[in-house]
Structure formats: C-alpha cells, structure tokens
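This structure is in structure tokens; I'll ask about it shortly.
Chain nomenclature is as follows: A, B, C, D and E, assigned in order of appearance, with residue numbering initiated at 1 for each chain independently.
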C-alpha cells in the first residue's frame, strides 16, 4: 500500500541550482580528502565542489582515503595524471607534505581545505578554505559556558583521529567545567547509543554531550532519552536529522563549518586562478566557520540539509 | 542429553563423573564461566552496572542477533565477512524503497527481506559453484556492498544517508515490532532482546534436533565425509548463508526503525564482532563444533565488557586495550576451567 | 622442481602433460593469470596506468611486505588479526623512543625491532601455551594494541600523533634505508619494492629449501601428524609470529621515515588486506598450502586494482564496489583457468 | 525394482537378468595420473564380487565411481541396465547403493549416533515440529554396534575418539543397516579384530543371501575366498583377470594377488624364515 | 647407547639386561573413559613383542604412550632402565623410538618426499646456506618405497592423493629408515596388499635380527605368529595374558584373539557356512 504521509511524495521540488556554465576551456581538478566511506560531511564538501565544477566547466576527480599514506599516494597519482589543479585536505600535514610539494614542483596549483591552515602556505599551496578544528571546539566550549554547563562528555567516534581529538581539545580549552572523552564505535549506532547511555548512567552529573558529527548526535539524543538524562546535546556538522532535532530542541546547537563552501570555493578558486590569476583571500586562510546554528535557524536550513548542501 | 545409554552406566570402563564435570564439557556451558566472571567483576567495580542490565542486554542483543546465524555458518565450516555491511544494506533497501515509492513502510520491509535473502543466496551460490574459499567470496561481497551501499544511496537519495521515514505510514507499527521498548519493573527492555532469545532457541532447535542441524555439523566437521554419505552439502551451505541474511534483515530493520535514518557507511567492521562472539562462545573457526547458546554467551561477554568499561569509567583512551584484555582473560579463564574439569572429574 | 624422477618419466600410468599445464598447477603461477588480466584491463582503460607503474608497484609493495610473512603464517595454519596495528605500534615505538630520549633515531629503530618481536612472541607464546584459537588470541592483541597505540601516544606526546623526528640525528640515513626513492628512467621506485622482493625471495627459500619450511607446511597441513613425527610445532608457530613481527617492523619504519610523524589510530583494517592478498595468491586459509610468490602476486593484484580504479577515474563513491568486483573476478578467472588446465592437460 | 531378480532366480536361471550395476570399459584420470583404464565389472543380485589387487591398483577409485563420488572419464556405468551418470553419492544412495569407504568414513567431531544416521536421519512429528527421532537413533546405534561386537560406553562420544576399528565398525554397521540393493565395501575388515571380521563376513553372506549385490574389496585372500562368487583382479589400473569362484582355487588366488609367479619366491622365503629361526633361540626367550 | 645389548648377547644370556623400554602398571584415562589400567610390557633388544586384542582394547593408546604422544596417568615408563616421562614424540625419537601410527601417519597436502623426511630432514651446506638436501630426499624416498613394492609415479604427488596402502607404506618405510633402537608399529599391514605385507614382515624380522626391539600390533594372528617372540593380550583396557612364543600355539593365539572360548563357535560357524553353501549353487554361478 501507499503511505499517505512522508516519503518522496511529500518532497518540495527543489529548484535546480546553477544556471549558466562557463565557456572557458575544460580543466581537470583532483580533490583528495581524508574522508572515510559514506561520511555526510565530506559528501557536502563534494557537492559544493561538484556544483562549482559544473559551473566552471571543470572535470572533478574526487578521491578519498582515511589512511595517511593512502592519501599521500592519491595526491601523487593525481600528479601522475597531470591534472590542472589539486585540492587536498591537510588533516595529517606531515604525511601530506612531500606529496603536496611534489605537486607544486610539477607546476600544479594546489588549494588546501578543511584543517591545516598553518601549513598551507609552507607547503606551497595557493590558498586555504576551512576551519580550524580547535577553533570550532573552542566555540563549543564557550557556548556551553554560556548555557551554564558544568560537566561535558566528548564522543570520539573514531579512535586516534587527529581532527576529532583537536575538537575535543578545543572544547576542553575554553569550557570552564570538566570535559571527559568517551570512545564510541562510529560505524555501530546501536553500540553508540548503548555506550552513551551507560556513560550517562555512570556519571549522572553530566549535563552536556558533545557529538563530533551529526550521526552520532542522533544516537546520543536517543541515549539521553533512554537514560532519562537532562544533558544538553551539542554537535559538530549538520544533517537533516540534526536540523529536525534542533527544531524540537533535542539538540541545543550545532557548529557548522559550512563544508559546502570549502568544496565550492576551492574549485572556484582554482578556476579563477587559471583564468585570472586571482587568489581568494589574498594568500591568507579563508575561514568558512565556525557558525553556531540553533533551533531558530532550523526551519530555514531544513531545505538545504535535505539536499546535502548544508 | 548427555546421559549414557542403558547398560553403559555400569560399564567398568567408565569412571564416574559428577554432573558439574559433564556440564562443563558442553561447548556453551564452558563459556558461561567466563561470562559469570565478567559479570561479577563489573558488578563489583562499576556501581550502576547491575542496575543497568537492560542497556547491557541491549548491547549484547544487537551483536547477538547476528552472532547466532554467524555461529551456525561457522559450525558449517564457512565464514561471512559481508555480514556487517549486509545489515546496513538491508536497512538502506527498506528505507529507500518505502521513501521512493511513498509506500507503506511494510512494503519496504518485505522488499528488503527479499533483497537481503538474494544477497545471502548470492554468497552461498558463488561459494558452492566456484569452490573458492568463503573468505575470498565474502570479502568480495563485503567490498562490493560497502561500495554499493554508498553509491546507491547517493544515486537514489542524493546524500550519503537516507531520508527520514519516521512520518510515513506503517512506521509506528514496524517500530513496535523491530525497535520498541518494554518497561519491566525499572528496566527498559528493548524488543531486540526478544528477537535474540527467539533466534537462539530456533538455532538450538535446528542444530540439536533437526536433520538440517545434523547436516550443518557434518559439512563443517568433514565436508568430504558428509558428501560421501549423501548429505546435500551445497544446499546446506546456501541455507546457512540465507540464515545470516535473515539475521542481517532483523538487525537492519531494527537499525532503521530505531533511528529512522540510515547512514550508508555504517556496519563496516561489525562482522568481526559477530565472529568474535561466536568464537568466544566456543565455536570452532574451522567448523564442526559449537552452539547457538555459546554464541549468545559470547555476545553477552562482548556486550558486558563493552558496557562495563564505560560504567567503570576507565580512561577512554584505553578503552580498546581493556576490551581486548578482558575478552582474552574471559576466554582464558573458560579454557582453563574446562581443562581442570576434564582433568579432575 | 616438478619434474618426475628417473624412470617415472616412462611410466605407463602417467599421461603426458605439457609444460603449461604443469606450471599452472603451481599455486603461485595460477594467480599470475589473474594479475595479468588486471594489468591488461587497466592498461586499456586507464591512460596513465602503465606510465605510473612505479606508484602501482609502491602500493603493492606496502601491502606485499606484510602479505609475505602473513602468508607464511597462514600456510602454518594460523591467523594474525593484530598485523595491521602492529605496524603502527612498531612505528610509534621508534618515533617515541628517539624523540623522548633525544637519541639517534637508529636507537629507536632497534628498540622498536625488539618491542615488535616481543609482541610477536607474545602472540605465538600465548597461542601455543593456551591452545586457544589464533583468531581469539590475536583479536585480543589487536584490540589491546589498538588501545595501547593511542593511549601511550597520548600519555607520552599528549596528542594522538607523534612529534616530528625529521630533524633528528640519523633520520636521513634511516630514511635512505626504509623510505628512499630510486630514480630509474622516468620511474621513481621506492625502496620498499626492494624490501618486498627481498622478503619474497627469503620466504620462498625458507619454504622450499629449508627444514623450517618443511615444518611450516607440516604444522599447517596436519598439526597432529607433524607433532607425531617429531616436528617442533610450538617453536615453528612462534617463529612464524616473529616473522610477521619482522614484516611489521619494516613496514612501520617505512611509514615513520617517509612521513616523520605517525598517526596512532591508523593501521586498523589493514590485516584484512594482508590476509586477502595471501588468499588471492592461492594460500589456503586452513593452512598447509600456498607460497610466498603467490602472496606477492596477490598483493600486486590488490595494489593494481586499487590504483587502477583511481587512474581509470571511476566514481569514488563506488570505489569499494569496483575493488570487490575486480578482486572477485580476478580470483574467479584464476580458478577457472586452473580447472581448464587440469581438465585439458 | 521391477526387474530385480530374487536370489532364487539368480541362482536358478542361466538367462541373464540385468545386473544391479555394471561397469563397461571404465577409465578414470586424476589430472595426468591414470588410475583406471578399460575396467569392466558386474554386480549381480545375490552375488559377492570381490575386487582384488595390489596397493594403488585402482580398487578404491573403481568403487568410488559406483558410489557416485567420482565421475568416470570414459566407458559406461549401467544401473539396472540403464546407462547412468551419478551426480553425487546422494544420487547413488537414492538408487540403493550403500558404500563403506576406505578413508572417508566419518565426521570426527560428531557423536557416534549422529554419524551413524548421517544423511538418512529418521524423523518424527510433522510440519515445523518435524524433528529427528533422537531416541530411536541412539538406541539403534548402540544395538547395531553391539551386534558387531562393539560395546560402546557412550553413543555421545565424538566418533573421532573411537579406536580405528571401532570407527570402521560404525561405517560398516551403517551401510549394512541402510543397504538397499547394492552394498559396496572397501577393505571393511582391514582395521578389525578377529571377532569383528568374522561378524562382517557373516553379514556379507547374509546380505548376499537376502538378494543384495555385494562388492567387496579386501587384501585378505582367505576372507575373499570365504564369501566371494567372482574375483576381479586389477593391476596398475587395468584388469588382470576375472574369475568365477568355480574356476580358481584359493592358492591360485593368493598367488595372483601377490603379483604372480615372480613373487611366490618372496612369500615362501618369508614363511620359511621364522620357523627355521625360531627353534634356534627359544630357550633364551623365557619371560623376565 | 652404553648398555645396549647386542643381539647375540640378548640371545645368549639369561641374565637380564635392562630392556630398551618397559611399561609397569600403566594406566591412562581420556576424561572419564578408562582406556588402560595396570598394563605392563617390556621391549627387549632383538625381540618382537606383539600386542594383540580386540577393537578398542587399548593397543593404540599403549603405543602412543611409548611414542611420547600421550602421557600416562599412573604407572612407570622406563627407557633403558631409567624412569622417564616423555615430553613429546620428538623426545621419543631422540631416544631412538620410531613409530608408525594407525591414523596419524602423514600430512595430506605435502609431497611424498617431504612427508618421508618430515622432522628429520637431511641438510647440506652451512650457516645461512644450510638447506635441505632435496636431491637426496627425493631419491631416497623413491628408492625406499620401491623396495617395499610401491613404484611411485612422482614423489612430488601430494601424499593425500596416494591410495590408502601406498600412504601406509610411506609411513612404514620412514620408520624403518629412521628406526634406531625401538620400532613401534601399529597395525602396519592392515591396508597392505599381500606382497607389501610380506615385505613389511621381512623388514620386521630384519630389524629384530639387527638388534632392534620391535613392538608390533596386528589383528592378523598369522602375521603375529610369524615374527613374534612374545604376545601380550589386552582386553577392554586390562591385560588378559602375556605369553612367550614357546608357551603358546597358533591355534590358542587365534582363540585368545577372538575373545576366548565363547567365540570359537562363531568363527567355526562362519568357516563352515561358505564351504557347505558353496557347493550347493556353484553351477549357477558361471561367468556371464
């Protein structure tokens, strides 16, 4: 039978983004990230890059590897493929150094995105679009102070991931209360839910939960319900579920670093550089965040999160 | 079960052996010792551990629902690396079908059952047709599914996670079947625990009391010998993969109906947990020996340890270290107790 | 190697069999067919594939250095789930020792060798002492190492990655040993390729020509029979784990000296790639059969496929799907060719 | 079933009913190894066909073809007169051919009773409650083994912990119990004690008398001569002779089995050594 | 090595030199199963000790204790007069005890020549170049098997693809080749053809004559009587007798092996059936 509610039938027909298309010569740009498989955040980055690529008549080669040596190899492969520009993330700067320098030496313009702004210039990249993980973390800490919270837990969903550790470290730095890290398994949401529920039961005085991505935030919200805790939930990044939960106040606020912009601007930046030798930001890092999103913004954002552009 | 027949009781070649010793020689009951040790340990070190047994049981059940069919498969001598991502695939299918067709979610649930069974059949059929080792066949499907989960979701839903179906027709009835919570006393028991117990009972029945069970033990313990006496080896193996598919379907539906949204990259790595639970519970990796109850106890040990470490509030950086050490200790203890029991009797 | 002895050549019970057929029946040469197919396929579909063979070889060598000892271990009938994180552990130890003691990095490299060997010994010793299956023992060390890697790094260095040691004494000489690049024509060959070839040659020599090799084949193919005729089963197994440790040490040092910094959370999941390379190359998961060259060819197939998909510019969302499908096809092709060869001979 | 001759008919008539199973010019290769070439054999109802031959002559290969375990590469396999290709042992079992293999007998980790009934488990109950009749299975296993002189302590013992001969007895008792039309036995008495061997030979005789066709492989010419009606000799994969019982004497059979004339000398030599030597030292060989 | 008696000494002197190996009141339990209780046995140089008994009597268990594969639970094991606990088969081999097991013979996937030398591989070269002497190993394997009447096509064949008897011959040839002081053979001739059995018995006689102590397990009383000097009878795990060759006749031995008087009848019955029946139908049993 048919569902009378929800589903595709209830979707607004989203208006097509992008109108015209540049008539400049076709160029090929490789984008190499340290994303894992099927990650919402990186999907948004990629969407931004694709829209810019479509507009600028660019062929975009997106690849990703969450292991340092794998990502470095991908950059070298891009160099071998003689692309016209490379966009790379610097989450593991030391590991990427040699590969990026090789690209620069080969005369390929490089843009860096996401974290690692302090290394961008040193490695010879043209520009950097992103947000420092620790800065974003600090923003969360400050917001929690404002909300009068005393004890927070920070959910690390991938052990040993530098960016996640930096986010928690940032929270710790500005938050006046106590912060404790909790390891959860990012690929196992029932497991996340059970672990967070356990932590909330064991440490009853916890009054804030910091999730480091949107999917973990949903699991944390369920765990909070299960444990009957009053803790407020803060999260990094957005998805439709988090936006819905923002609207219903289940999630207090989210830190958005506007990943769409990182992808979009990097591609556009390379195009501009080729066409006009422009450098966005004049060589200094361009920050795309952190922006704090609360329930008030939720209504307006819903449409975009559904399309995976916010 | 393990009483001897008729006159054998008076056989001078049989040394008397107390009940405890006999019980301990059963694969599942041996591992119970390990489970009890973990339980006692965490009850003593973690305050809220005992009172939060409902969460612990929930964590155990989400592993256990898959550990049971995976254990049967292992007893049948095969391996399934694709089990973890199959759960995600199953959830994705029902979510996408329901959403895209704007149909009652039960339609999606049924289509998902068919698709999941088809993937299980593909695994089994490829295995018996090609004679390749199951490790390589299911590694192939594991990688393919991992890619297809993301690729298809992007293709269909434009994002890497599915659209929410919480507001669709049938959702609440499906949720009550796959993801409801039953309040019993101060405990909030998840319905997955019932599914789990049901699966354990069913698998035990199959293994101990049906012809299929006899065949499973035989193809795992000696495939050539089994074939030689007329056991339908191929059908048995395909059946085992279908069993894993059913488990994945239940787990997948639980995932979908407890969260409403599915992340397409989830599930990777969980296959190892299922296999580990089965092995901790006494299943032989090489096949031919093990039990469903054992797998359930293994899942219980796994679940208790994972939760217990959090309740005990040990340093999170060392979480995996403690988990590994506890699992090893529990299994060692169990092996040691069994050896003692054998020697003492 | 596979010529028959003296008068057997004229035996009326032997059908004449052409060289090609005989070659194909060797475990490693069968899988070469699969490798050639992958090579031809990507040379045709991906422009820069052939001209970038150096990168492809590099990718294959990083898997291959571990795949070879892991293959020996598998031939010896055991499993190592901790191989992936052991690589990281090995790199972490030398980095931290050098940095914290402000010593010549070679000190760190040596200490790391000892520590890595100690962990390998721990695996092997626990296995033979307790009689637990290697799956559960190495799952334990896998989890423990995974936790300890991060835990210790955070304890010592305060972050989850180590401090850079690129400016320390001995770094450049160590780099030239473990991570240098040799320009040959237009190709930049990484030194890991040499290490890889060396390990394959060494492992082949051990397996085919030494007593230890005979024992490895025997403990994997029939542990009880081997013990009964006096093979030192325990020593052999411990030795195999030490071999894996040596491989992990080389890989770990390469990782460290090519980047100067180590991410403590990496390495998980790679053990599966090593095992897969060995299995694709014809090693039996149940032990007793396989070859080091086969494992190398398996690593080559793995490396070529991973790189080829990128060069062919296929959609990254479907990366894992293509990888799985290609691996499966290559192994199927190889199995099929072998069957044909057997039947036609 | 229709044309199956009764033992009486088989004994009385010289007109040939279709044999229960027949091999015509069978060849079998393992890769480049020729195991059998052009071997023919017929299994008649109420007759025991003995297959004799040296080690590696191809006897087991031959019976594996009748049992459906291997496919032959050339020649014809006829079952009750019809040319057939057996797809699997299950197929052969369904046509009433029960086999005791030389080295594929049992699943070591499984209890004795499960092994005994493996592949032909009796059930009770119906629908979802259909289950193995465990009581019957245990009782039958214990009884049938007792009849062969094996008094099991516990039918729940994993069969791998039985002694070699006990294990062999389980395989034989199983085949006897399920044997329908053709009984194929590959060296059944090799691991058995004197008493158990006697029981097995009695069983073979009884099966023959009940009208079954029996194929018996053995290295013991005395055993073969005791129950055999026809003796087929294999040598290095080809047929070296086929004799009815009436055409051959025990001594000739022994000589044939030992590889012919050139070997007679060896066996004589051996038979002589101990007797001549024994008297020389026995005085010294008193008990300590 | 020092006190090892030469065959001549063993034969000539009534003064007892320490036996090569001796079991005194040995017991062995597998979990709750009693396999042996209070069994004694001595292995003297230049003598063949036969262990006889029904299936499941505990014969294999007994020799596994001598071979170092199992540890006994009670009693003493003496090697050359010294009380010993063998840690492993390797230990036993180092003391010159070579064994052919009933069911633990070989590693199926390994080539024949690797199996033959497994655990005692000859090497050449020194230091890092020390390697197995593959040429010698292959040649020796082929030659030794040929001497037993097994003409292998290819010593590179995985041993699992050999026939049952061929496999057994490899195990026997290996033990014979390496046998140092004590040779333990568990049903060596069970799977062998007439010719190969003859060869093995000749080998046993030769080993005895060379001053080795031999323990032979067999179900064939003829074989046992041909070479045995002393017969130890086991019954359901306990000793049922121990006789020097001079004290027992072949017929008594057969009766003892078949389980004593109450069984005589059965064996008679069987021996009678075919002869009486055979003449009744032979005319009908002409060749087809």
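The rule is simple: a residue touches a chain if its C-beta (ideal position, glycine included) is under 8 Å from a C-beta of that chain, and two chains touch if they have at least 3 such contacts.
The model shown is predicted, which means the values in this text are computed figures rather than measured ones.
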Problem - Required steps from subunit B to subunit D (each step between touching chains, minimum) - result: 1
Practice task
State the pair with the higher C-beta contact count; candidates are C-E and A-C.
Solution key: C-E
Problem - Copy pair subunit B, subunit C: interface residue numbering same or different (half cut) - result: same
Problem - Separation of subunit B from subunit C, taking each centre as the mean of its C-alpha atoms, in whole Å - result: 30
Exercise for the section: Between subunit A and subunit C, tell me the centre distance in angstrom, where each centre is the average of that chain's C-alpha atoms. Expected result: 34
Handout entry: Centre-to-centre distance between subunit E and subunit A (centres being mean Cα positions), rounded to whole Å
Key = 74
Exercise for the section: Would you kindly tell me how far, in whole Å, the mean C-alpha position of subunit E lies from that of subunit B? Expected result: 48
Fill in the blank from the handout: Within subunit D, the set of residues that touch 2 or more other chains is 33, 153-154
Problem - Junction residues of subunit B, two or more chains touched - result: 13-14, 146, 150, 154, 269, 284, 317, 319-320
Exercise for the section: Any chance you could list the residues of subunit A touching two or more other chains? Expected result: 37, 159
Exercise for the section: In the complex, go through subunit C and note every residue touching subunit E. Expected result: 1-2, 4-6, 8, 11, 13-14, 205, 209-211, 213-215, 217-218, 221-222, 224-232, 284, 288-289
Handout entry: subunit A residues touching subunit C - in the complex, by the definition given at the top
Key = 37, 61-64, 67-69, 72-74, 76-77, 80-82, 92, 94-95, 97-98, 158-162, 165, 169
Completion exercise
As the complex stands, subunit E meets subunit C at residues 67, 69, 88-90, 92-94, 99, 101, 104-110, 114, 117-121, 123, 130-132, 134, 138-139, 142, 151-156, 174
Fill in the blank from the handout: Within the complex, subunit A is touched by subunit C residues 47-48, 51-52, 55, 58-59, 62, 146-147, 149-150, 153, 159-161, 164, 166, 255, 258-261, 263-266, 270, 307, 310-311, 313, 316, 319-320
Practice task
Would you mind writing out the residues of subunit B in touch with subunit C in their complex?
Solution key: 79, 81, 126, 130-133, 135-137, 139-148, 150-151, 154, 269, 272, 275-276, 279-280, 284-286, 315, 317-325, 327-328, 331-332, 335
